[in-house]
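Next up: some structures, all given as structure tokens.
One chain, chain A, appears in both complexes that follow, with chain B as partner in the first and chain C in the second.
Then we have the complex of A and B:
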């Protein structure tokens, strides 16, 4: 039994959330039971992901390959648990558990009836399944399917609240995301035409030859991919859907959308860029420079836009646009340190941003107000929530001993190794701007005198979820050892396979 | 090791106790704060004894996959001792000044935390620890700056954070550059970049100076300091005349002597420009100071000028100059805190903050204005005050480094200093005699530390040998010789 579970673990971590997602809707209005199942599935995912990560971590150089239905590649679909996949799987599971813990009270208040909450959870699990799949899959068409699944569930999550704004945000997201998906599909099509393969490794090998005969087709394929995934990952200036979508979604959904969903697309893009195209071809198409410039522009533009927002959740959403820039910048550096920095920053941001969104959600639920200036005095009234928010802020700013710092440090090392002054300046300036837009929130909450109004403190489950995320942010910042090692290995794998 | 940990933890533990005390027990704050500040001071002295004896005290930790270490060396120890000793005076003064003011819990908690963090800056053993605590210092002192929550604290606080964090960001960049160049981060093994090719290092030096220069209020990075004077007087006195600004100065001392080293500095063109920047700040700062009418603002600009005395000494790269720097760090801090304390007593007892309205105030506050007068003489650099010696060494250092003009600048600055403060003291005793208002527990708590510090300044002027052994240790370590 145990042997069978271990053997099929790569498939199981994807299938588990999907299965639970299909069990939920028939439950009707039994929210308690549904929540139990969701939390159970989150724990299972965490165990599975931790197991896989442990296996990968203890066997450096080896990766676990799983063939769906026993069909060997290049015909069958291959799931591969390499360092990058293990890293992202674990991250998904680490964010997933606190987010599902947080739900209940606030979620019911935000969404409406209990039946709707159950449907919300069904879609949520669908998204988690798709993200886990994105981490593992080695098949290009499978990537497209998972991207579509994720997109649809994201749309539904954004529109979960019964609010005209939510419907509008969800609609514009739907339009743009579908456009992005079709771009991705077109890109996959071009790769398939040029190589005849859908398996990434095989396509990559064939592409080396194809690159010499028909570089224009590949250039086109690459452009489609970058724009398609750029829209989905909210790379500036393709981010226009994100602020509305992430700020109108219910808090747990915002946490996952900002923390994980956009990252899933980046992981896919990373795999396609480095495994299929390969560093040599990328350099020929000046891809690194494009990524680097896009990253720096995103950091600066996103941060400045965040500074201009009055509403807390919108500010956090724009901050995501800026932080995505760091990850793209890491991709563009094309060296081990920089790429590992980008990958690690992805994790640091996922945890910190999920923490910030959950804390913001708790604050909004308590006060019923959106503006940052309305948060005065919350530091005393909601100590746990504000402490969590502060930890998340410090991490994003990049204060040592928080997760964000480790990523930024690696990125800085990488940017110096590649000799890119622009990148270093972008990283540093982004930190300062981040302090400028996050610290005022902390200041107002702690140091401004509050009105007499009483607030409703979050429940125990909410507090527990905040504490879990805050502790992970700190642990990742103080003892990043294994995580950083996985990121470094993933970077070596990605850069080495040309 | 035990002493090191206890020195640093005293402040944190005290802050924790204050934080946990119920809000109704406000009268317990002063004894708690006093006990923990004293504890920190005692352990700091014990630690200093160990360090003077040549023992290596180290605490290493690998955090975030990177080395962080605390390892007080003679240079850090001098800074640490200044901080821990003066903190005690400012604490007692606070008991008087802050009496019956709101938000005492926050005030004392962050006051104690700042003590720990400042000491950690002093004892940092490598670049990363220095950066970490330098950054933290901004965050833990911010609540003290905006303590009164008046409308003016908002822009002042914003400027404070923005200037400091921007500076820290530049330092981080410089640290990564240093690390990628030399692969070294630990201060104990001599200058980090010793032996590196000087090409391109000018930029790194520039980044460090810009970054630390913010807190050291090197012009034109000084704008935050006069505005930070919205803080309560003990905070202005201790943090914005000594602890916080000294951490910037200390960072520059580290940059020059522990990161670059004398040989490398002599080869960099930028390093030759730096003394001129210091001279510019010395003269401009004190001239702007004479034009301020608000006493605290005048003192702030005066701080800016005086900090550059210390920097000038460090930039001469001479044993004489460095000795002057260290002496000035000690002497100037005692006198400047005295001046600020006097300003606080004046504003608390009479409500006056503008110098033009202080005529005849000496009759109301005779002992305060006496202390003020003593400290003013010190700022000119007269015997028997301790600043005479530091100025003497600084001038020697300036001349030895080949610039008689540096010595001249110090003399000119001394004369402007006289213009800056002496008229205030004279005017204070004009007019008709009025009854003294120096009575009551509150005033005694404020006046006690003020008079003690003024006395200490005179004693150190008469017996400058008291602090010399410590300075000798630093000179021996850096130059392998004494002047």
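Then we have the complex of A and C:
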């Protein structure tokens, strides 16, 4: 029994959330049971991801390959658990559990009836399943299918609230995201016609030849992939859907959309860029420089836009645009330190931003107000929530002892190694701007006097989820060892494969 | 020039796919009517499907059903067509979901014009 589970673990990690998502809707209005099942599936995912991460971590250089349906790689769909996949799987599971725990009272208040909350959870699990699949899959067309599953469930999560604003944000997200998927699919088509393979490793080998005979097709494939995934990952000029979508979604959905969904697309882009095209071809088409420049522009533009927002959730949403820039910058550095920094920062940002959105959701639910200036005095009234928010802010700014610092430090090391002054300046300036837009929130909450208005403190489950995320942010910041090692190994695999 | 024209004419499915793709993008980006945006998305996706199916086709090749008694030298590549079945399913679900959203938007704002909706929601925020 245990042997069978271990053998099929890579597939089970993807299938478990999907199965639970299909069990949920027939439950009707039994919310308690549904929540129990969702939490159970989150725990199962965490165990599975931890098991896989442990297996990968203890066997350096080896990766677990799983053939769907027993068909061998060039024809069948291959799932591969390498360092990058294990890293992202563990991250998904780590963010998933607290987010599931969070939305007990607030979610019902935000979305409406219990039946709607159950449907919300069904879509949520669908998204988690798709993200886990995106971490593992090695098949290009499978990437497209999972990306579409993730996109539709993201859009549906955004539209979960009754508010017309939610439908509007969801529609523009859907249109732009589908535009992006068409680009991705066309890019996959270009790779397929020039190599004849859909498996990433095989396509990568064949592309080396195709790169000499028909470079123009590859140039097209590159640009279609970059634009397609750029729209989906909200890379700066293509980010316009993100602020509306992430700020109108219910708090747990915002946490997952900002923390994980956007990252899933980046993981796919990373795999396609590095394993299919390979560093040599990327350098030939100046892709690293494009990524680097796009990253720096995103950091600066996103941070400045965040400064201009006076609604808390919108400010956090724009901050995501800026932080995505850091990850793209890491991709563009093309050295081990920088890429590992980008990968680690992906985790640091996912945990901190999920923490920030959940804390913001709790604060908004307590006060019923959206403006940052309305949060005065909350530091005393909601100590746990505000402490969590502060930890998230400090981590995102990049203060030592928090997860964000390790990622930013690695990025800085990488940028110094590559000798790019632009990148180093962008990283530091982004941190300063990040402090400028997050710390005022903390200051207003702790040091300004509040009116006598009573606030509704979050329940035990909400507090527990905030504490869990805060603790993982701290643990990742103080003992980054195994995680950083996984990120470094992933970077080495990605850079050294061709 | 003539050579290029000839190539384009021989590979006309690709040419049509490219034209359709751009018609789709232009429709999505320039039209303010939500239905037209959705139609633009559908045109774009059809263009990509057509591109794939054209890539699988080989002129004068046999239907890809293996007959042991009568083997053919060249078969059409059936894989892209099979992939596009999945693509069409995805496209249908996106369309259905988008239509549901349009219904909700129409109920809330009484129009399907995205500019008017943006204006109404700005006014709603102020009021």
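Criterion: the second predicted complex is superposed on the first by the 498 of 498 C-alpha atoms of A that agree within 3 Å, B and C clash if a C-alpha of one lies under 4 Å from a C-alpha of the other, contacts with A are read in each partner's own complex, and residues count from 1 in each chain.
To be clear about the criterion, contacts are C-beta pairs under 8 Å (C-beta built on N, C-alpha and C of every residue); 3 or more make two chains touch, one makes a residue touch a chain.
Predicted model only: the values in this text are computed from it and were never measured.
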Which of chain B and chain C A:189 touches, first, second, both or neither: second
First, second, both or neither for A:297, with chain B first and chain C second: neither
Contacts of A:18 with chain B and chain C, given as first, second, both or neither: neither
Partner chain(s) touched by A:307 [first = chain B, second = chain C, both, neither]: neither
Chain B versus chain C as contact partner of A:283, first or second or both or neither: neither
Touched partner set for A:432, first chain B, second chain C, both or neither: first
First (chain B), second (chain C), both or neither touched by A:481: first
Sites on chain A touched by chain B in the complex: 397-401, 405-406, 409, 412-413, 416-417, 424, 428-429, 431-432, 435-436, 439-440, 443, 446-449, 477-481, 484
Parts of chain B lying in touch with chain A, wherever the complex brings them together: 63-66, 68, 128, 131-132, 135-136, 139, 142-143, 146, 149, 157-158, 161-162, 165-166, 169-170, 172-173, 176-177, 179-180
Chain C partner contacts - residues on chain A that touch it in the complex: 141, 144-145, 148, 152, 155-156, 159, 164-165, 167-168, 170-172, 174-175, 178-179, 181-182, 185-186, 189, 192-193, 198
For the chain C and chain A complex, residues of the former touching the latter: 21, 24-25, 28, 34, 37-38, 41, 44-45, 47-48, 51-52, 55, 79-80, 83, 86-87, 90, 93-94, 97-98, 101-102, 104-105, 108-109, 114, 117-118, 121
